[in-house]
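Pasting the structures in now, so scroll down.
Both complexes shown next keep chain A, but they swap its partner, so chain B is in the first and chain C is in the second.
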Partner chain A sequence: MLTINLAIFIPFLAAIFIPFINNRFKQTHIGWFILVVPVVLFIALLRFIPTIARGETYINSSQWIPSYGIEFTTYLDGLSMIFGLLITGIGSLVILYSIYYLSTKESLTHFYIYLLLFMGAMLGVIFSDNLMALYVFWELTSISSFLLIAFWYHRKQSRYGAKKSLLITVSGGFAMLASFIMIYAMTGTLSIREIASSIDSISDHALFIPALILLLIGAFTKSAQFPFHIWLPDAMEAPTPVSAYLHSATMVKAGIYLVARFTPIFGGGDLWFWLVSGVGIITLFVGSFFAVKQTDLKALLAYSTVSQLGMIMSMLGFGSAALHAGYSPKSVVYTQAVFAALFHLVNHSTFKGALFMVIGIIDLQMGTRDIRRLGGLISLMPVSFTIAMIGSFSMAGLPPFNGFLSKEMFFTSALNVSNLDIFSLNTWGTLFSVIAWGASVFTFVYCMIIVFKTFFGEYKGRHHENKQFEPPIGMLISPIILGLFVVGIFFFPNLVGKYLIYPALGHIFPSMTLQLDAYSITAWHGFNTELMMTIAIVLVGGFLYLTLHRWRGVYRLFPETRSFDAVYNHSLSGMEKGSAKLTKLYMTGFLRDYLVYIYLFLVAVTGGVFIYTGAFSFDLSQDSPVSSYEWIFVVIILTAGFAILFAKSRLTAILLNGVIGFSIAFFFVLFRAPDLALTQTIIETVTTVLFLLCFYFLPEWKKESSPPSSKITNMLISVAVGLIFIVIGLSVNSGNLFEQVSLFFEDADELAGGNNIVNAILGDFRAFDTMLEVVVLFIGGIGVYSILKLKKWKGEENIEGD
Partner chain B sequence: MNDFLLLTENLLDITLFICFIGISASIILLMYRIIKGPSNADRAVALDSIGINLMGVAAFIGIFLITSKLTDVVLLIGILSFLGTVAIAKYLEKGVIIERDLD
Partner chain C sequence: MESVIIILAGILVMIATYLFLSRNLIRIILGSALLSHAVHLLLMAMGGLKKGGPPLLGEELKTYTDALPQALILTAIVINFAVTAIFLVLAYRTYQKTGTDNLNALRGFKDE
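Showing the complex of A and B:
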C-alpha cells in the first residue's frame, strides 16, 4: 500500500537518481524518465477520490523528533486532495511540456532535480499535519523556487528575481514559523487536527491575535497578496514551464491552502474576515489594474495571477463569516463562497497553466513575448490561438468556459457579503461588490489584450526570424489537455464539485453539517444581478479595450519610482547603506574607541545593575584597622601611579612601574603571603628587564597630541571605572554570606603532606589549574620564539605566499 | 617605674617604627630622585638604593610579624636588585642588555 508518507518522498528519491539516469541514457531526454513520477503519484491519488468523497480521511504518522512532539504526519482529506491532484496533475503536464520546451543543451539534470524537489516539498506542505513538518516543506518550496527562478543564472534579471522572491517568501515563512510557535504555546500541540479541535478554549488568549496576523503574513507573502505581490512579476524570468507550474498553479496557492486550512482555527472573528477579504479584494483590483499596463505577456500573466489569487483569497475571507454566523440554512451562502474559492482555484490552475504554456510557445517560436512586436498570428498558429482564446475567455469570465461559473459564484458571494450585518459590513460591505466588479472589468480588458493584440492585427514578420510557426505536437499536448479541462469543467462542473470540492468543505467548516445539494453549480441561473454584472463587464470592458490608447495615460499617474517595487529596492539599498554607515560609525579602527566602548559598557552595565538591585551598600565598621606600614605603601603606590601619567620619558615610566610592582610585593609581605611576594618580586624584575629589552627598538616616546575633549573623556571614563571597582570591592567585602572553604585546606599537612598551604593547593588540591598555567607559559614561550624566528626580514622572500 | 617598664616592653615596637619611618623617608626621597633625576644614571642608582631599603623593610616586617618566612624575600630582593642594577647599567652603557654573539 502506497501511503502518503511514502508518496511525498518519491520525488525526492527520484531527484537523487536523476544524475545517474542522465549519465546512463545520454541520448534520451531525461524528462521522459521524470514524467513517470508525477503520473504515478497522480494515479495513486485518483484512486483515493471515491473514499475521500465519502468523507473518509487517511492519516499516516511516522516518528521524526518525538521528544519535541514533531512527527511526520500526513493527513489526506478533501482539501489536501484538491491540491495534491493539482500538483501532480499539472506537474505531469508541465514536465511533458518542458520535454519539448527545453533543449538537451540546457543543464536538464539541474532543472529536473529542482523541479522534483519542489514537487515533493509542495506535496509535503499540503499533506503535512504537523506544523513543523509543514514549515520545513514550506521553506523547501521557497528554496527550490529560488533555484528554479535563477535557472538561467547568467542573466542578471534572473538573479534579481530569484533574490527578491526568496527574500520576500522566506521573510513570510519566518513570520509563519513564529505564528506556529505561538500556536504551540497556546495549544500545546503541533498537530493541525488537534489544534482545530481545541481552538475554542484559546480564542481569547493574548497570543491569538499575533499568531493570526503572523500566519496571514506568511500566507500573503507566499500567495503574492498585496503588498507582497511584487516578487511574482520578477519571478517571470524563470523558464516558462516553471512559471506555469510554480507561479500560477502550485506554489502561489500554498498561501491559499494555508488560509483555507487555518480557517476553522482562526476564522470566525472580524479581524480574520477583514484581513483576508480586504487584502484579497485589494490584491484583485491592483493585480488586474496593473496587468493592463504590461507589454510583456508573461508579466501580464503574472499580474493576472496576482489578481486571481486575490479573488480566491477574498472568497475564503467571505466564507469565514459562516463560522461567525454558525450553522443555519442562511449561512449556506457564506460557505458557498469557500466552495466558489476552491472551485476557482481549480479553474485558475487549468486556464492559467494553459495560457502560460501558449505564451511559452509564442516566445519560443517568435523570439519575443512583447505584445508590441506580436500580431496576426491567428492564421499561422491556429491551435495555439484556440487554446489562448479558451484560456483568456475563461479568465475573463465568459461562457462557455469554467471561469464564467466561478466568476458568477464570486459575484454571488460578494453580493451576499454586502448584505451581512456583522463586522460592520452594512456600512462598508457594498464596497466589496463594487471593487470586485471594477476589477473584473480590468480583467476583461487584459484578457482581450492577450487574445487580440497577439493573434489579430497585422503580422509584423520582419521582426521574427522563425518561419515555421506551429510548434511540435508534443508541446501542444499539455495546453490542449488543460484547454479541454477548461471547457469540460464548464459543462460538467458538478463532477468536480461533488467529488473534489464538496469533500473539502467539510474540513473547512468542521462544526457544520453541509448539504450536498446546496453546492451544485448551474451554468444558467436566470436573469439575476450576477448575470447583469457580467453583461455590464463585457460592455464596459469592451469599450475600455477599444479606447485603450486614449486612457492608457492614466498609468503615468503610477510611475515606477513610486511603486512597491521602488519601495522594495529603496529599502533594500537603504538598509545596505544604513548598515554600512552604522558599521563605519563605530568600527573606526582605533583601539582607543573600542576600549571606550568596552569600559562604558562595563560602567553602565555593572554599575547600572548594582544600582538597580541596590547592591551598593557597604559597612566599614567590620574592617580591620589600617596599620601605619600599610599607609606608607599606599602613599608610595599612589605617588608612583600618578607620576606615571605625567612621565616625560619612557624609562621613567618603566621604573615607576617597577616601583608599583615592588610595593605590591610588599603588600604581600605585609599580608603574610611570602610565596606571592617572592614570585611578585621576580616577575616584576623580569618584566622591567623585558621592558628595557624592547626599549632599544621602540621609537621616540611621543606625547599623544589628542584634543582636550578626548582627554577629558578618557579621564572621566577611567575615574568612573576606578570608582565602580572600588565600590564593588567594598560592597562585596561587606557581604560575607558563606562560610569560607579555606578551612578545609588548613589540614594540608594531614591531607597532602605539606606544611606550605599555598604550595599544597597549587601542587595538590588544585593542580589541574597549575598544569594549564604551565601550558600557557609554554605557549607563550613558543609564541615568542616563532614570532622572532618567522619574522619576514627586509629583502627576504615571502614564503607564506600572501 | 611602671611607665619605664611599659616603655621597655614596647621598646622593640617603637624602635621598629622609628626605623621604618626613616626607611620610608629615604624611599620617598629616592622616589623623588627617580622621578626628577636629571640623568638616567641617577635613576638607576636611586632604584638600587630603593632595593636595599626594601630589603630592610622586609626584614623589619619579618620582625614585626614575628615570622621567619620572610628571610627568603630579603635575600631575593638582594639578588634581584643586583641583577636589575646591572641590567640597567649595561643598558645605559651599551644600549642593549643581552649582546649578540659576534663569533
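Showing the complex of A and C:
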C-alpha cells in the first residue's frame, strides 16, 4: 500500500525526471506526463475516504534527524484529507488547463518543475506531524511560489511581485519557526499530536502567549490576512494557472490549515479568539471593499481571495469559542462555525479556481483583462460566460450554488457569536454580524462587476482582431468540472459534509463528542434572519452596483500613496537608504577614523571593566631598587620618545628611534639578558639602515596639517591608551598569583645539554616557536623581494582613476 | 624598578598611539616600532627584574633571572623586524605608485 511518506516524494521525484522526459519526447506537451502525478495521488487519496470517515487515522514515521527528535512523520486524518484532496484534485485540473494555456514556446520544463516542487511541498505541509518537517515544507512552498510568480522573469512587475511575496511570507515563516521552537521548549516534543495531548500543562507557561502570536503571524502572512495581504495582488503577475492553483486554492490556505491544526492547542482563550476572528473579519471587509475598486480582473480576484480567506479565518476564530465553552448542546453551534469554515474552504477552491481559469481564457483570447476594455462577450463566449456566472454567483452567495450555503452558515455563526457571554462578546459581538453583512454587500457588488462588466454591455471589438473567441475545448474542461462541483455541492452538500468535513471536526475538537446530525446542511431552512440578510444583500448590493459610477469617488479617500503597499515600499527603500547612510557615516575610508574606533573601544571596554571590577592595586614592595644608571636611560628614552613627536625632519626622527632602540638594548644588559641585548643591537642597526634606505626614496617629512581639534582628540586618545596600559601593567605586576615555571628550565644542562637557558628554550624546549619564527622571517624576505621586484602592475589599469 | 619600566613602556605606548593617528605613513611605521619596544619592555618587567644572575648555567649562581620572557622577547624581536621590513618596502612601493605618503590621499576610489 502506498504510504503517505512516499506519496509526498512522488512529485519531487517526478520533478527530477522532467528534463529527461522533455528531451526524449519533444513533440508532446510535457504537461501530459505531469498530469499523471496528481491524478494518481488524487485517486490514491480517494481510497482513504471511507476509512477516514469512520474516524481512523494513518501515521507513518521515518527517521530523519533522530538525535534532535526530528522525524519525518506523516499523519493522515480528516483535516489533512480535505487539503490533500484539494491539492491533488485542483492540481490535476490546473495542469490540464495549463497544457492548453501555455504554448510549447515557453520554458515548460521550468514551469512544471516548480509546480511539482510546490505540489510536493504543499502535501508535505499538510501531512507533516513533526513541526520541523512542517516548517521545511512550508518554506519550500514559499520558494516555489517565488519561482512561479517570477516565471516571466524578464518582466519587472513579475520580479517585484515575487520579491514582495517572498519577503512577506518568509518573514512570517521565520515567526512561525520561532513559535515552533517555543512550543518545543514548552512541551519537549515536536510532534503535533503529542503537543495537542499535553497542552493542558502548558497553557500557563510564560512562552504560551508569544508562541501563539508568532504562530498566527506565520499563518496570517501566508494566508494574506490584513495587513499582510499586500503581496497577493502583486503575485497576480504569475501565469494564470499558477494564480488559480497557488494563490486561490492551495498555498494561501496553508495558513488556514495551520490555524485549524493548532486550534486544539491554542484555541479556547480570548486572545486566540479575538486575533483570529478579528483579523479575519477585518480582512474580509478590507478585501471586499478594495476589490470593487480594481479594474484588472485578476487583481479583483486577488482581493476577493483575500476577502474570502478572511471569512474562513473569522469562522475558525468563532469556532474556537467552543473549546472555551466546553461540550454542551449549546456549544455545538460554535463548532458549526468551524464546520462552515471548512465547507467554505472547499467551496472557495472550486469557484475561485473556475473563475481564475475563465479569466485566463478571456485574457488569452482578448489580449486584455482590463474591465474597461471588455464587454459584450456573452454571445461570443457562451461557455466561459456560464462558468463565470456560476462562479461569481456562488461567490456572491446566491442560490443554487454552493457559496449560498456557506454564506448562510457564515451568517449563522456570526449571529451566534454575539449570543456568547464570554470574552465580553455580548457587547462587541454584534459588530461581527454587521461587518460580515457589510462585507458581503461589497462581495455582491464585485461579483456583479465580474459578470456584467465583462460579458454584458457594448462589445468593444476594435481593441483586438481575434476572430475565434471560444477557446479550445481542452482549456474549458477544467473550469467546467469545477463549475459542476459548484452546482453539485449545492444539491448534495451533505455528501461533502459527511465524508470530508465531519471527520476533520473530530481532530479540531478532540475533547468533544460530536454528533453528525448537528451538521447536516439544508438548502432551505425557512425564513430566518440569515435569509433576510441575504435578501438585503441582493437589494442593497444591486442598488450599489447600479449606482457604482456615483459613489466610486469614495475610493479617492484611500489614495495609493497611503495604502499598505506604500508603507511596504517606503519601509523597504527607507531601510536601504538608512543602512546606506549608516554605513557611510562610520565607514569613512580614512585609516585614522578606524583607529579611533578601535582605540575608543579598547579604552571603553578594558577601562570600563577595570573600573567596574575595581581591580586597581599598586604594590611597590616587591620592586627591585632602581640605580642611577637606569634612571639615566629612562630619561634618555623619554626624551627621545617625546622628541620624535616634535622632530622637524625625518632623519631626526629615525635617529631618535635608534636612540630608543639602543637604550633598550642597554636595559637588556642591565636586566641580565645577554642574548636579547645582542639581538636588539643588531636588529636595531639593521632597522635603522632600512629606514634610512627607504627615506632616500620617500618625499620630505611634511608638517602635520591636521586641524587642532583632531590633534587634541588624538592626544586625549593616546593619553588614555597609555594610562590604561600603565594601570593594567602595574596592577598585574602587583598581584603575584603563582610561582614562575622557569625553574624547570634551569635543569637545561641535564635535560637538553646546554648551559645557555634562553638558547635551550629557543632551540629545544620550545623549538616549535622558533621554527615558525624562521618561517615568518623567510616569508618577510620573500615579501620584500617580490614587492620590490614584481613589475607587472606597471601595465595594469590605474584603478585610482587619476 | 618594575614599576618604573612599566610606566616608561606606557609612555612609549602613548607616543606610539599618537603617531598611529597621524596621516603620514612613515610616522605610523615609526609608531609600530615604538609600540614593539614598549611591549618588549613590558614582557621583560612582568618576568621580574634583576632577581638573579643571567640565565647561563656555567656561572654557578644560586638564582637566575626568568629565562622564559627572554625567549619570548627574542622571538618577538625577530618577527617584529620582519614586519617592519615589509611595512617599509610597502611604503616605498606605495609612494612610487601613487606619489604620496599622505594616508588621507590614499583613500581608494574617489566617488565611492
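The rule we apply is simple: the second predicted complex is superposed on the first by the 769 of 802 C-alpha atoms of A that agree within 3 Å, B and C clash if a C-alpha of one lies under 4 Å from a C-alpha of the other, contacts with A are read in each partner's own complex, and residues count from 1 in each chain.
In this text, contacts are C-beta pairs under 8 Å (C-beta built on N, C-alpha and C of every residue); 3 or more make two chains touch, one makes a residue touch a chain.
Fair warning: this is a prediction, and the values are worked out from it, not measured in the lab.
J.: Determine, under the contact definition given at the top, whether A:674 touches first (chain B), second (chain C), both, or neither.
T.: both
J.: Considering only touches as defined above, state whether A:608 meets chain B (first), chain C (second), both or neither.
T.: neither
J.: So which one touches more of the residues on chain A, chain B or chain C?
T.: On the superposition, C touches more of the residues of chain A.
J.: Where does A:742 make contact in the superposed view: on chain B (first), on chain C (second), on both, or on neither?
T.: In the superposed model, A:742 contacts chain C only, not chain B.
J.: State whether A:188 touches chain B only (first), chain C only (second), both chains, or neither.
T.: Neither partner.
J.: Using the superposition on chain A described above, determine whether A:629 touches chain B (first), chain C (second), both, or neither.
T.: First partner only, chain B.
J.: Given the touch rule stated above, what does A:574 touch, chain B (first), chain C (second), both, or neither?
T.: neither
J.: Taking the superposition as given, does A:694 touch the first partner, chain B, the second, chain C, both, or neither?
T.: A:694 sits against chain C, while chain B stays out of touch.
J.: Per the definitions at the top, what is the overlap between the chain A residues touching chain B and those touching chain C?
T.: In the superposed arrangement, which is not itself an observed complex, chain A uses residues 670, 672, 674, 693, 695 for both chain B and chain C.
J.: Would you pull the chain C residues touching chain A in the complex into a rising list?
T.: Checking each residue of chain C against chain A gives 1-24, 26-27, 29-30, 33-34, 37-38, 40-42, 44-58, 64-68, 70-71, 73-75, 77-79, 81-86, 88-93, 95-98, 100-104, 107-110, 112.
J.: Where on chain A does chain C make contact in their complex?
T.: Going by the criterion above, the answer is residues 589-592, 595-596, 599, 618, 620, 622-626, 630, 634, 637-638, 641-642, 644-645, 650, 653-654, 657, 660-661, 664, 667-668, 670-676, 679-680, 683, 686-687, 690-691, 693-695, 697-699, 701-702, 704, 706, 714-715, 717-719, 721-723, 725-726, 729-730, 732-733, 740-742, 745-746, 748-749, 754-758, 761-762, 766, 769-770, 773, 776-777, 779-781, 783-784, 787-788, 793, 799-802.
J.: Please output the residues of chain A touching chain B within their complex, sorted ascending.
T.: Against chain B, chain A makes touches at 628-629, 632, 635-636, 639-640, 643, 647, 651-652, 655-656, 658-659, 662, 665-666, 669-670, 672, 674, 677-678, 681-682, 685, 688-689, 692-693, 695-696.
J.: Tell me, which parts of chain B touch chain A in their complex?
T.: Per the stated touch rule, the residues are 17, 20, 24, 27-28, 31, 34-35, 40, 43, 47, 50-51, 54, 57-58, 61, 64-65, 67, 69-70, 72-73, 76-77, 80, 83-84, 87-88, 91, 95-98.
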